[in-house]
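In the two assemblies presented below, chain A is common to both, partnered first by chain B and then by chain C.
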Partner chain A sequence: MMLLPLLVSLILMGIILSSLGKDAGAALERFLSGALGTPNARVDVIMLAVPMLLCASGLLLTYTAGLWNIGVEGQVTMGAIFATIIARSITQEDTSPFIVPAELLLAAVGGALWAALAALLRIHAKVNEIFGGVALNFISVNILLWLLNGDWKVGTYPQTADFNTPALLPRLEGTRFSPLGIGLAVGAWLLVFWALNHGGKKLVIPGLNRVPVVGPILALGVRLLNFLAPRGTRWGLQLRAIGRSPRSASLLGVRVNRHILLSMIACGALAGITGAVQAIFVRGRLSPGISGGIGFMGVLIVLLVNIRPLWVPLIALFFALVPIGSLKLASSLDPAVQIDASLGNVFQGVLVLGVLLANGLRERAARKRKENIP
Partner chain B sequence: MQIRIDQITKTFGRVRANDSISMALEGGRIYAVLGENGAGKSTLMKILSGYQPADSGRILLDGQEVRFATPADALITGIGMLHQDPLDVPNLTALENFMLGKHEGLLPKRRTALTAFREVGQRLGFDLNPDAYIDSLTIGERQQLEIVRLLSMGARVLILDEPTTGISAAQKETLFNSLKHLAHEQGVTVILVSHKLEDVEALCDQVLVLRAGKLVGERAMPISAGELVTLMFGQSLERKPRPPAPKGDAIFEAAHLTILTRRLTVHDLSLKAHAGEVIGLAGLDGSGQREFLRACAGLQPPQRGHLRLHGRDVSRADYHQMARFGVAYAPSGRLEEGLVAGLTVVEHFALARPGGLWIRWGAVRSYTQKQIDHYHIKGQPESQIQMLSGGNQQRTLIALLPDQLSLLLLEDPTRGLDVESARWVWEQLLERRAKGTTILFISPDLDEIIEYSDRVLVFFGGRATLVDDPAHMTTEGLGRLIGGKS
Partner chain C sequence: MKLARLFGIALVIALVAAAFGLPRPIQAQDELVIGYILVGPQNDKGWSQAHFEGAEYVEKMIPGVKKIVLDKLNGADRPNVTLEQVVESMVEQGAKLIFTTSDEFGPDTLKAAEKFPDVIFIHVSGDGVLKKVAPPNVGNVMGKMEYMKQVAGCAAALKTQTNSIAYLGPLINDETRRLAASVYLGARYCFEKYRGGKAADLTFEVKWIGFWFNIPGVTLDPTEVANGFFNGGADVIVSGIDTTEGTVVAKQRADKGEKVFAIPYDFQGACEIAPEICLGTPYFHWGPSYVNIVKAVKEGTWKPAWDWLSPDWSDINNPDTSNLGFVKGAALSEDEGKIIDAFIAALGDGSVNLFTGPLNFQDGTVYLKEGEVATDEQIWYLPQLLEGMKGESKPAN
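So, the complex of A and B:
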């Protein structure tokens, strides 16, 4: 059901490229080879998908409860700031195994606090979480800049010094590959998947075990998913009920405000960890724009999959392809394919709009059908 | 303007809201369209004012057949409708609302509009500030504004839907005086849609009574309230003799309860309910019975007075605490505040049943199947609730109620059910009564109240009268109280 919008977006991008006098076919080829052509590029794509998956997993919770947690950007930023509180004091000689876990934990607390603020504003002051979130985003950015221009500034630019290696998310020797990062993101997603699932069907992929190397690993993942599939949590059901009708949910015995707060806190914690990953992995220091728009990217992903957890990792990977692929296009010397990297973002935007449009049209068609039934 | 309504029929699903209704209305008179909730008044008026088309039938204005695609069409031919909640734009001023909908080119003529606004307002005795924002106006003032607007756009027929709900006594007097002036001096046809007998008596020249989608009577005023009530509710069957309520202890008590809401105040209500007793709450819609029921459920905190359950003061308990004390509430707006559209039947049972962090789907599913069979719900455990018919949604709502209850609060428990199903639901409820559950229920159907209540609490304008003598539980007796006559 996402294929048609994807096709439409590709065609639209083709038209845009052609109208700029570029060779669309060659551009696509260069894009794909740039994103997937080398082992390093593939690792980059996977590692870029990590913060997206983390953030989108949290957002699945709030969007299920009908909460437009636009404040997620601020929660990511606060997570990065909180992680930095520990990270900037770590020296090259520190060896404790608890450094990174402590950073992640503190980041989760920071993000959760920021999200709780938006939730409390909504519950007790009737401030819509969208407006509260926008305001808190703005405040978080200014806290970040205030710190980076003040006590935390090292050198001429408003940023901290590069963190020492013990403060960074560990990665495989000589690569950007971080199994811990991937584990965090996949683990978070599985937890959310489990929390939200409602007795879904079991996934069957025939012949998976015969695929060499990746096959057995994927098969293990599928078995785990299938184990989780028929086991739903009460919380997930309660969040879904709230998202669809808070009044009815309340009368059926759901404590609406409590679960609004809890889902925001859970999302904020994951957003905070996302921020920590940005600081101690992606950038290696705290600098302006530390969230890198990951929060909004998460919102796009959740909208794109229509709040269905199963598809999130795939879309996150796909979204991670785009900036890396388009970077390759941008740095190309061949004028027939050289375009600005921001065109990749345009493509993502077009895709999301396409999917939303398709959803809207489908709902309208369904309503029409229903009305025609006498 | 003369209006003739000829054989208008409108069906919603299985409900025939208007059943070939014909009537003729003359200019310069004030008509009342009277009827209980669901009698078809609003449907008929919406058809007349262009909000929805009829399935069949004709509307003739001065002998000419007319068809309206939109309310604007109706207004052009001279029919304007004033809704219960006036349809105005909140963040504009009174004058700006007045100017909306006028077709006068790109640049609105503010000064001309202001003159017209003042002129019409003065003629009707309204004191409206043209620069006041809508949010700062009372409902009464917003109605006045809407009337001024409709008249200035050429309305010769004015339909008012429950205009006296939520306005002050003084505003009501102003409104009635201006309506009389409009009708008797200026020849406007005024149609008042209401179920308030005192308004009808104070204002109208002629009354048209609808019951169950049919026109059942047309009378020139004045006639007695008793006759109107009989027309509205129909002749009732005699109350069937039934074993008296097992007089248990008084488990639930309301003492000098006062409930303030935006629209209504319930004054100083006291009631002692015994275990195993059914108390019917009668009254025209919006007389305070719903507010009282919601207060008992912990959904509407009372301003003054006390609620006691098993001797414990629960005046400040919220809905969830009340639920823990064994109180359950089944609302009447099923998909609005009872069931969650988009969730399946089994998911509703999973939500409503207590349990831990995990849902044991197997157990919930078999319980759901049991309830589906027991309550004859036409649907599968995996059916989305909104796909069920109204009657089956109602059964689901009843089936979701917990087993062990001290107090059961029901709003219109048999809404949308046929006679057989309604009887069956009451069997279930009376079984609970036999086990000692106290039941308080609201029903717009006086027969249902008379048939199943051990005592009846009749509401009128926020005040309640207790009827505990079965001899007085007749349509006639209750109808007089419902209409505000003691």
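So, the complex of A and C:
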């Protein structure tokens, strides 16, 4: 699925790097050793995959129903804003165990409301969710800036003060590792996987047990998935039917509008939690551009895996490698591999285009084959 | 699907191999690795480039020094990267000294310094040491740009025909207030002394864009603000932001036949993009002060300090001794150039000190009484713009 595009983009990046007089091989090595060579960097990769996985999990629901939820960026932003309503009032002395859950819950509500708006626009005003989403994205950014330049501003810059520790997603002492964050993301993904995988095929990865350390853990995960997969839900089936053809789904008795609204709300809730993670974990404050492009990243991930839930965590991890690895390249002591981090984004873009292109070509070939059958 | 699985397995194996196997760089004994963290691009022809060239100067002057530069650390360019992560990446590669070269890195620099007590941090333009909130491995350094801004104001006053000068400001804080006020004081002085004008006839307007440089959708667009200044009757723009929009717009208007001028900021070569409308550049030259800090660190004599450095008055443009300077622009006439030289000399020997009373704040309250000379701290923490300046003194909130 991804091997050819990956190779093509690697070769393309190699050409770009060589033309800049950089050592492409050394750069690749520094990229990987930078992003994975130290415990802290590994933690950064995993923790950057957390918001991506959360967001992509939500998007799996809407894309399965054929909804291009481009408004996800705005839903992330609203989630961050709603989480901040609580987070900015928490003092260093507050010890209630409900602070973080309340922030996450409120963020989910914020994201869900914003997504519901886009869904209602589509259902009742016939505004395509793409256009509605783009508009709502703009509005959410302006609400954010209005708050940050107004009542919520602390100090010189348009941002809130740093949140106090009790308001932050708890991390292991002295690290940036947050088991709760990982639990949230993996939990959300498992739920979505279960909801969508109606009658899914069993997954077999041969030889996994022979891979040291990680292998057995992954194998256990695969078993769990195989246990969940065939069970699926009726809802997932209905969403898929809507995604194939809303008209036929409706004729079959599926309440299309209701499920459009529900899937958007569910996605918005997860996007909202993503926003909360951005605010109370990644930045520790509310500041401009709080979504960090995670929403769009989620869209890319879901398109890249062709809306198949199984591959989402792996791709999220891979996407999280790119910013961390490119940061290590950009801040490299060896000038031969000092590369502007924006090249990492170029790589990612080329990769996504390549995969989409390969998908398109494959579908076209499949159609041709079908037409040729008499 | 088969390919996909193969790819998945290959990726997992690659990740595991990379995580456990790859070698780390080894460092020579007498080598000093220095990290520089910049807020903007290292080629912005402004604030960040001046730091980048300071880093190159250090590398040239002191053998056995290696640099790691990370530029564009801001929410727009690197939305999911924190200063802590950058510092960590530098320390992993052996950095023992790290310059964080922007005001807003302040709080994060202090946190990083607590986390890495064996690494020395220099927070440029900050005051953590002065305020006694910094751990002992943090120093501050800044140049007394106020002098050079006064010179810039003087050049603007010599040139304006509409008696209206505009100041393109970044965001509002102590530093930007005192620099804007310095431009005004220089302009007022030269307007009265050399143009025979009255202070009341000089219009001086400040507009703040909201950050050190343009971030679309977040700040005001400096190009629009600059055009607005000229449309409103100003004919000289003095820039206080990190980047060159003020100069670019002035050139565009001049190309269309308007008689307008600009004074860029921060970077020695900033006039080069439009010499014909450039009255000069007040600029930082971080090399000499950086070299002093690096030498002290190498020799083990470094002590935390809040350094607010003056230019080398014997030759403010000497690249090896002066920490800041003023390049006269090609648009100044020979006579105007002589006035500027005389003004610089007067600032240098102390015969002119524009931060001398009577001076009032913008709201009419007294800043300095008759004959009172401002202390360093009174200037550093200037709480308001001065009487006679138009523009906001405090953020809207």
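By definition in this document, the second predicted complex is superposed on the first by the 356 of 374 C-alpha atoms of A that agree within 3 Å, B and C clash if a C-alpha of one lies under 4 Å from a C-alpha of the other, contacts with A are read in each partner's own complex, and residues count from 1 in each chain.
Here is the rule we use: contacts are C-beta pairs under 8 Å (C-beta built on N, C-alpha and C of every residue); 3 or more make two chains touch, one makes a residue touch a chain.
Bear in mind that the values here come from a model prediction, so they are computed numbers and not experimental data.
> Taking chain A as the common reference for superposition, should the pair chain B and chain C be classed as clashing or as fitting?
fit
> Taking the superposition on A as described, I'd like to know which of chain B and chain C A:241 touches: first, second, both or neither.
First partner only.
> Applying the touch criterion given at the start, work out whether A:328 contacts chain B, chain C, both or neither, answering first, second, both or neither.
A:328: touches chain C, not chain B.
> With both complexes overlaid on chain A, does A:162 touch chain B (first), chain C (second), both or neither?
The answer is second: A:162 touches chain C but not chain B.
> With both complexes overlaid on chain A, does A:37 touch chain B (first), chain C (second), both or neither?
After superposition on chain A, A:37 lies in contact with chain C alone.
> Considering only touches as defined above, state whether A:126 meets chain B (first), chain C (second), both or neither.
neither
> After lining up the shared chain so the two structures overlap, which partner does A:255 touch, if you call chain B first and chain C second: first, second, both or neither?
first
> More residues of chain A are touched by which chain, chain B or chain C?
Touched residues of chain A are more numerous for C.
> Can you work out, in whole Å, how close the C-alpha atoms of chain B and chain C get once everything is superposed?
Once the two complexes are overlaid, chain B and chain C approach no closer than 18 Å between C-alpha atoms.
> Would you tell me which residues of chain A are touching chain B in their complex?
198-199, 230-235, 237-238, 240-241, 244-245, 247-255
> Provide the residue numbers of chain B that touch chain A in the complex, in ascending order.
319-320, 323, 329, 331, 335-343, 347-348, 350-352, 354-359, 361, 400
> Enumerate the contact residues on chain A facing chain C in the complex.
1-4, 6, 29, 32-38, 40-42, 44, 48, 141, 145, 149-151, 153, 156-158, 162, 176, 205, 207-208, 211-214, 218, 282-283, 287-289, 291-294, 311, 314, 318, 323, 327-328, 330-334, 338, 341
> Mind pulling up the chain C residues that touch chain A in the complex?
It comes out as residues 1, 3-9, 11-16, 18-19, 22, 24-25, 33, 35, 66, 68-72, 75-76, 78-82, 84-86, 88-90, 92-94, 103-104, 107, 171-173, 210-211, 215, 217-218, 395-397.
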